[in-house]
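Okay, here's the structure, questions in a sec.
Chain nomenclature is as follows: A, B, C and D, assigned in order of appearance, with residue numbering initiated at 1 for each chain independently.
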């Protein structure tokens, strides 16, 4: 028996006869790295929708927005606590999927004020957290988010996010409160 | 032996010899009722500070504000994610106790823009949650909060709160994002 | 327009134009009632496997055991902390599905000591919790479990269970430590 | 102004004027390292009580046991799910402090079977986890624990622990199920 075979046989024996040999850990907690990755992904997704709109039109942008909502938001879990930046009156909160989609790409007759926030030719994104709380499989962040469009115009908003790590290990936005900065008139 | 004595002896025997007789439950989760009570308490506290200010002056109002921050906010746990309604620029976020106190009652030279939000003669408060999430010992809420001052002027804000139930069973605000409603110019 | 139509139209209008009208709550916490239901279900399942074995044989019992493991245990989430009553030596812990199945119905050449715990003609089951902890979407219980077989023989074990409520709202056993009572020799 | 002063002044300015400069994270989750440290500490404490008993007698050992229970177990939080190895009958579970203390050092007239498990001259301790679950501020472990006394006699037990990280950042045992290994007669 050569060395390779011997090694493989040993591994097989360990696997078969030593269930105690290795400890296994199941950790369902969200990590700070996962929170930052989700924050990065949000900006990247927004820029992608903008880019798709500018290059390929509304249909493509809407498809991308749906993909983003399907994968990055928690509408599959229940109502999402979503207060978008440019949303007011009776339609301030977008706790359901259709309200969120309308905010990002417009085109929904129930939300006549929506112009499609993600269609504004965003090209750059950054954020600075003031503080982050991590609690079990959830995290909340608060800070400044800065968006730049293709003309170079900069928009800064105050943003709170809540993230939840689901059983499949994915991170979803379950809370999103965005507001224009306060300034004295 | 009369009936009463018999009963008491039986109870004593159960207590002494039957540690299995009663199940004991330790439940650290926050309940929806606790969340609502905390939301009620926030408005009541704000009105109390206003009332103390109008009746007894700044010193009394400041003392009340400190009591509120000490008992209802989570600054003892770490940085609080607090974005008050009328707070902007470099001083937007009040993650520490002093910043929060300054926002409510002013008088802090580091926060020159603060005029004391709790000193505005608030007399009435109500809220309407758009959605609530309860996750372990934490909860997040989003909705409209309406404040009325003694002149009858109504101020409505979009408000997100995060609450945490601590080991002693108390509920503390660990997240508070408040913003003026968006309206098209 | 008759009353019925008026009422339906009003409801439709509320649904269309008043997204603020109703608060929605998403609560992911496990409740004590869910814990008790899961404890009840465990005993019922064990008796079902026994009954299937006695009436229809090993194949049917094995199919039932698989259904139980698939729905009531958390092997889909990761390793389960399972120390069955009559399991010792190198094969004490059954952190994987095959080890658990073998314990309940036997027939696995890797677990030669297993005789099929669920095949012992169990007909009655009861439990008494000494204490229960509820923490977020998980709960742990400790207490006495009593099993009776068709001959009337009673077996009592000390049992700790850990339950987890998954995103789909189901309760799964993620911890199960069962041991024969200690008695001085 | 020398370099040192310049540096300090710069730091002061940053601290005074840039509340946004640093992100702060509050993470209440338990880590695997904390779980392992708690498991190490348990064995070390047991050996310490034994050593104190052998060197200084029961009073000293009892004082040490109280210190251990006060700091390492969660009796301050509520009932602890504790099933010690050598505990049976009506007194199987030690959900309260007195029951736990009695198990470790004896001397309690209500627990006549207790001989003081920690007084058995333990000198060595090791453990091997079969699996570990980490969920928020709690963790559960299951595995083999091996204890050796000064005569060289080895005792192995199957042990499940549940740990909870409290608001002060400490780790406490809230679940402890220990049982002698099963062996066919």
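The rule is simple: a contact is a pair of C-beta atoms (placed from the backbone, for glycine too) under 8 Å apart; a residue touches a chain by one contact, two chains touch by 3 or more.
Since the model is a prediction, treat every value here as computed from it, not as a measurement.
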| item | value |
| --- | --- |
| Distance-maximising chain from chain B - centres being C-alpha averages | C |
| Cα superposition of chain B on its sequence copy chain C - rotation in ° rounded to nearest 5 | 180 |
| Interface composition of copies chain A and chain B: same or different, split at half | same |
| Rounded Å distance between chain B and chain C, as computed from the means of their C-alpha atoms | 38 |
| Interchain centroid distance [CA atoms averaged], chain C/chain D, Å | 28 |
| Euclidean distance of C-alpha centroids - chain A vs chain C, Å | 34 |
| Set of chain D residues in contact with two or more other chains | 19-20, 24, 26, 78-79, 92-93, 95, 130-131, 133, 135-137, 143-144, 174 |
| Contact set on chain C toward chain D in their complex | 78-83, 85-89, 92-93, 95, 113, 130-131, 133, 135-138, 140-144, 158, 160, 162, 164, 174-175, 177, 179-184 |
| Chain A contact footprint on chain C (complex, rising order) | 16-20, 24, 26, 77-79, 90-93, 95-96, 99, 110, 136, 166-167, 174 |
| Complex contacts: residues of chain A adjacent to chain D | 19-20, 23-29, 32, 128-137, 143-144 |
